[in-house]
Each structure stands twice: as structure tokens, then as C-alpha cells.
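The two complexes that follow have subunit A in common; it is paired with subunit B in the first and with subunit C in the second.
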Partner chain A sequence: MAKKKLTLAQKYHIYTRGLDWEPTYVSKKDIYPYAEYEGIKIKDWNKWEDPFRMTVEAYWKYQAEKDRRFYAILDGFIQNQGHLTLSDARYLNSIKLFIQGVTPLEYMAHRGFAFVARHLPGPGPRTAAFFQSMDELRHTQIEVHAGSNFNKYYDGFHSMTLMHDRVWYLSVPKSYFDDAVTAGPFEYVTAISFSFEYALTNLLFVPFMSGAAYNGDTPTMTFGFSAQSDESRHMTLGLQVVKFLLEQHEDNVPIIQRWIDKWWWRGYRLTSLVGAMMDYMLPKRVMSWKESFELYIEDQILEGLFRDLERYGIRPPLHMEQSIKEKEFLSHDVYWILFSFTFAAAFHSWIPKEEEMEWLAEKYPRTFNQYYRWRYEKAKQAKTPLPGDRFYYIGLPQLCQVCQIPMGFTDPDDPNNFVQRYVEYEGEIYHFCSDGCKWIFEQEPEKYVQAWLPVHEIYKGNCFAEPPKGPDDVVPQVLKWYNIQTDNFDYFVSEDYKNWKEWHKDMATVVV
Partner chain B sequence: MSVQYEIKQKVIEPKRLAFDYLLKRYGNRPASRYEEATVDIQQRENFHYRPTWREGVEIFDVNYSELKLTDYYSFLDPRQYYYYTYNATRAKNYEAVDKYFEFCEERGLFEKVNEDWLKVFNRYFIPLRHLEYAGWILLVGVARFGYGTSITQCAEFNACDKYGNAQLITRIAFELPEPDGDIFENAKKTWLEDKIFQPLREYVEKLLTIQDWGEVLIGQNLAIDVFVNPLVHIELDNLAVENGVTTFSFFSKYFYDMYKDNMRWTEKLFEVLLSDPNYGENNRKFIESKLNYYAGQISKAIDEFADVFKMPKKKGDFKKAKENVLNHAREVYGKLGLNIKI
Partner chain C sequence: MVAVETKRERFVSVDLQKTEEGYNVLRAILKDNPDAKVDEFPGYYKVKHSNKLTIKRETVESFMGRPWDTQEFNLVIISYSGNFAEWDDEKIVIQWDTHM
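Presenting the complex of A and B:
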């Protein structure tokens, strides 16, 4: 008998979901015990449309080839001492933030998608989730391998996993992903595949990758291009998941809306670190946070994606208006926080040079000169006993209970004040940086009271290498516990800077 | 205009040879890419929230299994696979498969398989795609709940191999003639109804409800794999050859090699678990009690395959085949020093 003709889609079904069967010896609920408690209703998993058709064999081939190219370029960069041709060693502070803050999230995403692949009862999306789980392991390892070379010559790279688990500013990304992986499988895919991969990836990756390109960091740039084909699979998965859930049952709509509201604000607060990096930490700048926010969020997401989702009964995320209002403030507030607490951070900060302040003033005509320039003028004068000949905020900040960023966000409606919100819950007061974070807390207080807040933990005595010998010994013992060595303080008193000058002093500068 | 530096050939002494945590473990030496990609990568502490899907556990928690290690990175993959080397190895392995499909097509080998054997093959071989698929789900669960990147990464790659196996069986089935209608529907029906598969299916469905990742590995890698692979890819392939069918031997070798490759990490892991200075004894008790159960069950389950040996023109000797399979299992368990009665 002649074989029947099948379409590619039919063939792919047979390769993937055709492998599934309904169990008869045990109940399906015992195999997938986490599929129902979130309240998502699935009428028919067969309605799932595969966002891409990747078989395992094709995956092996494509990915091996992509990695072969990546590692060839990385090896070349290492062999030729490529780090010496970076625009400036200051550039690497963004990459330090990336490897400490983002690389462990890639890893968490790998395990998170393994959870979804294991526990979503739908064989279609499970396949896509599995490939993403593989991809995220790839991203982790490539980033570690690229960081490994910088680690040999620069500070801030030596202990990224330990730091991710302990250091105060890294609890911002860590708590974000901990929040996602402790949620059920449906919230996880909405949070990560949709809200993060679909709505925020461009805002996170494009600045990093083009920043790398502008500043001579070939490995990061190569990784970025190479990861793009992975990312496009992840993005189509994200959109597909949300549309599928919305189409399956009308009861899903308010649940998904609540998750979109939550994860928009959570992700937006997370990317504020990227804003600080773009506007302050790249020696050669690509575009401002505000420009990138307008392009990727206002034009593409708000005007594009959410227009498209209207027909499913989905409106733009709550508090989106607030983030639009904040766009001229956000990066300045966050860099100022990082700058002020650099004595306890595993990267360096610095006072923007005069021409950089000019750039900031030009990009932020309504805010930079008005509200931020004076801080740096004063910071130059303020002397502390710490290295660096400039201002540090000696003390511990109040952290937002949800996003865990120190409470230093300017109120756009009243720019001389910071936003401060609080909620009383079971006899305790909890503080928030914004209405968005407060709203998230109120949805699930029993979750957010669990937060491991770095500053609270220091007060509780949980973050010392050894018990401090006196008040002056508190910060040193915390830094020891963080394994911060010569990674902190101002760039211009750092070993990175000293070495960079030393390495470049015998080099002829050729202007071409 | 841009500024370029002319780099003089000078040696810059590295400030550190490796990441701090690798230097602490391995002393002052550069680390391999495998070590960098693996050791101490998983988050350890200060998790912010507890899972909403299960009570009393942390995001990563040694208590997801009864099996424990003092230092989870005392296990390292003897194959040193990280993402790149794993994918590159598999891409290379699969090149031979592609070539073989081309060869079969050129020579019309799939059409030439005699109808008699095709009936046998369709009964015992094609439905295994469902078993491999279950293996994928089980192992991706280990990749989520296992502790330490060295273990979970091996499980992730093993999961990928399982899914690859399920898809390769599918690809083979696409090439075969369909004298009795849709080959996949028939195979699923066989998997769901034919008596030769029912104890096996019952076994695997029950294993899919197990939460302890260590127990899952015992049930899958030390039991299903250790019995089914030699039975299908050695004994039944021999029977095919005796019946004049050599077309599938190549695939059987491929699947068997894949099995052996995954046994390298599996055996190493269990060796490390059994010799742990603090948990070794408890691990042994757990492994022996579970494996006695699972190996016993799987051994009984494959007895149903006796029927398959009676099907072809030249009948096979199931008893002898079973003895060979048992000997293989005894060898695997013996090497680990496990006391298993089968």
C-alpha cells in the first residue's frame, strides 16, 4: 500500500504529540499533579498550534553548528587578548552585572522550563518548553565561558553564583525568577515565555548586545546574534501560549490578565538595571533608556502586541502608565542607587564625565540637569573615609518588599520626592517603591512576606563571615560573606583601572 | 574615525586562573570548560519564596530524593558533556543515521523487509516510541528536581536522547510499508491493548507518578533501560537476522550505543551514591530495596515478549534470550556491588 501524503504539520504532530497517550493504570492527575490548582481550564490540548517545528535531530545539528561558530570566535578572542581592545575597562562593569545577575537566571530558566516540560499535561507545548530548557542551559554555559576569560584579568567575575545567592542588588533578579519558578506551570509560562521573552527581551538583550558591539566585546556580541534564533523560538512560544490559554476558556482571561499585570511590573522593575547600564555604564552609548523604552515598549508592545490582544479581552498591563511617566527618571534613579552603594557591590561605578553628562542632558532634557546633575557635582566634593574620593551612602537602605530595589524612585508627579508606599499585613509594615509593587504584594501577601530581603538579613545577623567586632566591622564582615574582594568602590581607584592603564601604556595608539 | 590599539606581543599575567569557587575546589589551576559549565552553577541558598505547587520544599532541595550526597559535585559526568559537546557529539552520531537512511532508500531496503517480519517488527518495535517518550518525561523531571548541575545536566541530555529515540523510531516507521493501515495508530493500539505491552505500560505509568528523582532513575535507567535495550536491540535483532532481516541492525546498534553512553553517567552516579562517606549506607538500602522491586517488575513485564519470539518463521528461544538479558542486568548490578535478586 502506498504511503499517504502528510503535510509537514501532520508529520510534526506524529513526531511529537502523537507519542502521548491517555494513561489507564493510574489517573492522569497523579502524573500531572500541578496542572489544575492555578484555575486554568484547558478544554482541548489538541487545539495547540506548534509555534515552530523542531525535531531532536534537527536541534542537535543546528545547535552544534551555532556553538561551533561561537566557540571558534571566543577562542580567537582569547588567543588575541581581545579584552585589551575593548573601548575601556569601564565597559566590563555592565558585563559583570550581566554575569552576576542574568546568567544565573538563564540557569533558573533552564530548570523552570524543565518543570513545565515535565508538568504541563499538553504534549504540544511540552515539546517547545523542553527545547527552551535546553536553550537556556546553552545560554548559561556560553555566558560563563565568555565570562571566564574576563575573570582571568578583571574583578567582579570570580564568584557569580555565590554572589547571586547573597549580594543585595542581585536579590532583584534572583527574587524575580524565584517568584516565577515557585508559581504553577501556567503562571510560569505566562511570566517567562510571554511577559519576559515576548514583551521584555528586546529591551534587555538589544542594548546589551549592541552595547557589546559598540564597545569591542566580540564574544558577547557573537553570543547575542547566535542566541537570536533561540530567542525567536522563545518569543513565538510565549505569544502562542498566551493566545492558546485565552482561547481555551473564558475563565482563563481574568487569570491571565492578572498575571500579565503582575509580570509586566515585575519585569519592568528588573529591566531598570539595564536602564542604568545603558545610560551610565557603557563607555560608548547605543541609545538612551528612554529611546529604547519608547521603541520597544510604547511602539512595539503597547501599540502592537496589546492592540492585537484586545480581541481576547486583554487590556494593557496595570501601571503601564506609571512606567511611561517614569521613563525620564528611571535610569537616573537606579544608577544613583548603584553609585551610592558601590562600596558593597561587585562592580565599579563612577561619576559621569562632563561629556557624558552633556549626553544625558541632551537625552533627558526635562530631568537630568534639573534633578540629577547636582547630585554628581556634590558627590565630587563629598569626602568619606572610603576609597574613591567621592560620595558613598554609608548605611543600609530600605528595600522594596517586592522588587527589592532600594526605595529611591522619584515620583514623576512630584520630582523632589521619592515614592513610598506601605501596607500593614498581619501586624507588620511592608514598604514598597511603587504602586505596582504594592499591588503585587496585595495580590499574594503570603508569598511576598517570605522574601529574603538582604538588608533585613544583615540586621538579623545572617550575612556575616564572622561576627563583627564592632560597628565598623559590620560592612567588612558582610563583604567577606559576599566574597567581595577588590571588586567594589569607584572605578578610578580600582585594580581594573590600574591594570588597564598598565597594559596600555606600551601600546602605540593608531588612529585610523 | 576610530581609535585602535596596536597590541604588542607581550604576555599579560592573569590575575586568576579560574573562578574562585573552582580554585577553592581544585586548587590553583585553570578549569576545563566542562567544569566551568557545571560545577556550583545551580543556586544553593536564600531562596525567596517556597513553591506554591508543593509544600515543605525549597526551589532546589536535597529532599526531593531519599538519595543524598555529602557533596553533590563529587559526581561528575565521565563523558564531560556540557551543552556544546553534547550537541556536537549527537549531531555527529546522527550523521551516520542520515547516511544509513539514504542508503536504505537507494537500495529500497525498507520495502524489501519481508512481510512476515514486518508484522513482528510492527508489534514489538514501533510501540516502543511511547516507552521512549515516557522516558523523556521522566528524565526531564530528574533534570528539574535533581540536585546539582552535574546530575541534572546529565538527566537533561538523557531526556533529549530519549525524545530523540522516540522520534527516530517514528522516522523509521515513516519509511515502512503499511499493509495493515496507519502504522502509528496500530502501534498506539498495540501499546494500549496488546498483552505484550501491558505490564510494561503499567510499570511506566506508575513510575510517572513517582516524585522522588532518585527512585525515577532507579526505575528508568537501572531497570527499564537495562532490560529492554538488550532484549530489543540485541536479542530481537538477532532473531531478525536469523529470519533474514538485517535492515534494522544498524538502528539497533545506534540505540544500544545510546543506551551504553547513558549508562556511563548512570553507573558513575550510582557508584558515587553508594560510596558516599555519610550517606552511602542509606543510599545503598534505598537503592537495593527499590531496585529489587523495579528489576523484579520489569523482568516479569518482559516475559510477555515470549510471544514475539514465537511469531516469525524461524522461531526464537525466549528462555535463552531472557537468560542473556538477566545476565546483562546481573553484570550491571554486580559491577555496582548491589545485591539484587533477579
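Presenting the complex of A and C:
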């Protein structure tokens, strides 16, 4: 008689729980040395449920299929000279930000989940973290492969890892993830699996990737959706981890709440870069930051997720109301910062075209024309000695001690002012862009006083390729240390624009 | 001071790739969940339901015209909102307010 096939649940149980064992000659404490110091109490790891029931066998099978599909699309795009059919080369500046800012985080996530997969005492979450660690490595690889094709033709793709460690705006994502990986394993999973994966990555990987599709960038759309399909598993891990911890012991509730409060605001500030990418850098737009925020955060997270968590005694994140208030300001503030300091960035920016300003005014009827349009009108007139017929902010900005974004966030309650907060700690003054970042600092000042702030480091003399020969040589030496070559300044004076025009002069031109 | 406008809606949802397989899964979902609504975006569909979404192997197979393992759902899903309340050989259920 043929053997009966195992069900999904049985298979999962055998391959995961069945491979775990109770140690006899080493204490559990010695095997899992990080399991207790965060104050989390676990009574029974076997109460952990795994809705995806992914086994190693299924994992290889489906991940291999996802990769085959991705590489087929990438090959087709490359063979077809697909980059020439993008909506506009301006579009690629959002992808430069992605490759420089997000891809290195995928790699950090790979490392972070490898740590969690080693150090969580339960076999269920260890297995899920192990898969996620491999997923994140796969994401790094497919993103690098997609970006390497653009690197043949466009600026800004050539030095992502070095730039990630050095360039001022990339310290925003870098410091975010460094903060997470230097926390304990439970805070790390709450930060990344729950706050980031469940709540925030949708904004980057769904509406933004839809925007990539709309602008003709099929490889980016494919790696985005391919990555986000793994992310569905990661979201589940995040949700299960938090619910499990909340159910295990009531003492865990205030700890988890504090982490949710912290990591909501950390992740939200990081995601503000995506707001600028969506509203300003996509020549063809799918939805605005505000619309995405309403759908993916207000509806799905606040109205869905947090109502589900109420019965555990969890309330929405502390500064969520501020995020809602900022939704008509955020993307404009962040793009203006990126625009003002493009002389020191590895992407190009530009003054939005008239029809783009009209779109912004239509999507943001209470803020764009009132508080932002005039800046671009003035920027057209304010000339500087730098390339590009427009304004740059000649100088270095003050950075927020926590999120490291320049302090340029409008106060929604007083829109003609920027928010400025500070704290005095052990005789030094620290500055913050928001109440959220100030609150985070106050919880762990000894951690955030160590922040590597790019502007401070420039002033300390730590960011020069060679010692500057005079005041005019300061920025060039920093750019050299950043490995920024022809990647900066306005789009309309860039090599990208020059090439794009040349390639489209005669569509029969073959570009090799 | 700028007034804040919010419109809130509670739903479960799943975001599916706009591919041949994704379309077949979408059709199966719409057949088994008659109150579900679809929003279309470049590259993806968003299927929403006020309460619960069920994806049944048998229905998906009838649209695919071939055997379909529920774990193949991993190949078409982009994202979701809710909990995976059940995921076995026959069906996948997404809803809020489930207990572990």
C-alpha cells in the first residue's frame, strides 16, 4: 500500500519542531546568552504558531522559482535595451537612492536575522528567522544585479557600499539599521519584523514599485514584488512575534509598547525618503505619499492591526498622531532638503516641471501652493556659482541627533516654522527634528550621543580624501572621499541628461 | 494650523501580482468571496474584504486548469493586511481578530 502523503502541518512539524532537542550537558542559558537581559519573559516556546508552515524543502523550491522569474525578466530587459524605454532618465534618481540606501540594509537584515536565528530559544521563530536571513541575502543580490545594468549607462550606481558608509543622507538608513542590530534579539525583531516589515515596508515595496512598473522599469518592479512576497512571510513573523510575546507574560506588554513607540517613529522618519521619491522623483506617478499613507498606514495599520492589538493592552505608537498631521508636509520637506544639498549627493535633483507642480497642488491642496511652490519659483532665480541654473544651499545643515535627517521639518501646527527641539545631556546640547526623535533620545541618551553625524565628522576633519588646500577645496575633498564623481548637481546639467538626449535623438541608435 | 483629514476603513486585503497566475488566483478569490472588491494599480491588484478572505485550492485549480499547491500562493502574493488564520493543504484564510 502506498504511504499516505504528509499534510502541510505534519511536514512542518517534523521538519521544524522535530529537529529541535533538549540539551542535556550544556545549560540553555549558555546556549542562548541573550535571551533574558531585555526583560522579556517566555513561559512556553511551544505556544508559538507558524502560519506559513514553510519547510526547507518548500523554501528552496519556491525561492528558486522566484529567482528564475526575476532573472528571466532582467535578461529580457537588458537584451531589449529596456533602459531606453523608461519614462525619463530622471526616474532613475529614485533608484539610485534605493540602491545606495536600501540595498545595504537588506544585507544588514541578512546579518541581523542570522543573529536572531541563532539566539532565539524557540525552534519555530528560529526557523522563520533563518529563512528570512536567506531572503534578505537574496534581496541584496537581485537588487545589485538589477542596479548593475543601470550602472553601465547612468551615474550614481557605482559605489553603493562605500557611499552607504560615508555619504550624509545615507547615514539616515545606515544609522537606523545600526540602531536595530545593536539592540537585543527581541527588540531587533520588534523593530524590524514588526514595525518595519509589517507596518512600513509596504510603502516602499508596493506603491513605489507600482510606480517603477508605471515608469517602465520592469526589473525594479520585479525585484520589488519578488522581495515583498518574501516580506509577507516576514510580516507574519513580526506579527506572530509580537502577539506571542504579549501572550506569554503581562510584564512583556510595557516593554513591547516602548519598542513599538520607538520603532514606529524611527521607521517612519526613514520612510520619509520614500515620500520624496514617490512625489517628486517618479516622472509618472501612481499615487501620492499621502494617499499611500492613508491606505497602508491609516487603514491597514491603525484601523486594522492596532485594533487587533488592543485586547493585549497595546495602543497605537506614541507619535502616530504627529505622522498623520505631517502627511501633507513630509514629502515636500524631504525633497526640498535633497534638492538643496544636491551638490554633495550621488543623485540629481531638479525643479519640478509646471505640470508636476500642478499635480502636487492637486494632491496636496492645503500645503503645496501655500508653503512649497514659492521655494521653487525662487530657486529658479537664486543663482549660485555651482553648475545648474538654480539655487543650492551653500553650507552644511544641522542634523537631528537621532534620525540624522537635516532639521528641515515643517511644524504642521505652525507651517511657517521648522520644528527644533533640544536636550542638554551631560553638559552638551543635542538637537532634534521632532518630538519623536527627542523622546527616543531621552529613553537611551547613552546610545545616541555616540551617533556618527556626517556633518560633525566633516567639521572634525574625518571626511577628506586629502587635507583641503583652502576653503574652496573643502567640499571637493569630501566628495572625493564619498567617491562622488559626476553624480551630483542638477539633472539638467548632468551626464545622464546629456546621454539620454543623445540616445533618443535617433531611436535607431544602438547603445552598447 | 492645517486641519487633518482622515478617512478610515477596516478591511483585510491581499496584494497580488498582475500576472497570469495572479489573475487566476484573483478570479478564484472573487468567486469564493463574492463581497470582495478589487482595486487595480500598475503591476498589482489589491483585493479587499471587510471581514475575511478565503483562497481555496480547488477553486484556484479550476481557473488554472492544473494542480495547485496552496504554498504556490507564495509566488503571487505581494503583501497583505490581516492575519493568516489558516494555511493548510485545502485553503488559506486571512482575517483580523484571530487568536493564536
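Following the convention adopted for this analysis, the second predicted complex is superposed on the first by the 496 of 512 C-alpha atoms of A that agree within 3 Å, B and C clash if a C-alpha of one lies under 4 Å from a C-alpha of the other, contacts with A are read in each partner's own complex, and residues count from 1 in each chain.
What we mean here is this: a residue touches a chain if its C-beta (ideal position, glycine included) is under 8 Å from a C-beta of that chain, and two chains touch if they have at least 3 such contacts.
As the structure is a prediction and not an experimental result, all values here were calculated from the model.
A.B. asks: Considering only touches as defined above, state whether A:His158 meets subunit B (first), subunit C (second), both or neither.
C.D. replies: first
A.B. asks: Which partner does A:Lys43 reach: the first (subunit B), the second (subunit C), both, or neither?
C.D. replies: It touches nothing on subunit B or subunit C.
A.B. asks: Looking only at subunit A, is it subunit B or subunit C that touches more of its residues?
C.D. replies: On the superposition, B touches more of the residues of subunit A.
A.B. asks: Touching A:Lys174, do we find subunit B (first), subunit C (second), both, or neither?
C.D. replies: The answer is first: A:Lys174 touches subunit B but not subunit C.
A.B. asks: For A:Lys505, decide between first (touching subunit B), second (touching subunit C), both and neither.
C.D. replies: After superposition on chain A, A:Lys505 lies in contact with neither partner.
A.B. asks: Go through the superposed model and pick first if A:Pro412 touches only subunit B, second if only subunit C, both, or neither.
C.D. replies: Once the two structures are laid over each other on A, A:Pro412 reaches subunit C alone.
A.B. asks: Determine where on subunit A the residues touched by subunit B overlap those touched by subunit C, and list them.
C.D. replies: Subunit A residues touching both partners: 65.
A.B. asks: Can you tell me which positions in subunit A touch subunit B when the two form their complex?
C.D. replies: 1, 3, 11, 14-15, 18-21, 23-26, 30-31, 33-34, 37, 55-57, 59-61, 63-65, 67-68, 71, 80-81, 84-85, 104, 107-108, 110-111, 114-115, 117-119, 126-127, 130, 133-134, 137-138, 140-142, 144-145, 148, 151-155, 157-162, 164-166, 171, 174-175, 178-179, 181-185, 447-448, 450-452, 457, 483, 495, 499, 503-504, 506-512
A.B. asks: Quick check on the complex: what are the subunit B residues that touch subunit A?
C.D. replies: Touching subunit A from subunit B are residues 1-8, 10, 12, 14-21, 31, 33, 36-37, 40-54, 59-60, 82-84, 87-88, 90-92, 94, 97-98, 129-130, 132-133, 136-137, 140-141, 143-144, 149, 152-153, 156, 159-160, 163-164, 166-168, 170-171, 174, 177-179, 184, 188, 191-192, 201-202, 205-206, 208-209.
A.B. asks: What does subunit A use to touch subunit C in their complex?
C.D. replies: Residues 7-9, 47, 49, 51-54, 58, 62, 65-66, 69, 202, 205-207, 209-214, 221, 225, 228-229, 231-233, 235-236, 239-240, 243-244, 247, 286-287, 294, 298-300, 302-305, 307-308, 324-325, 327-328, 366-367, 412-415.
A.B. asks: Spell out the part of subunit C that touches subunit A in their complex, as residue ranges.
C.D. replies: 1-4, 6-13, 15, 17, 41-44, 70-72, 74-89, 96-97, 100
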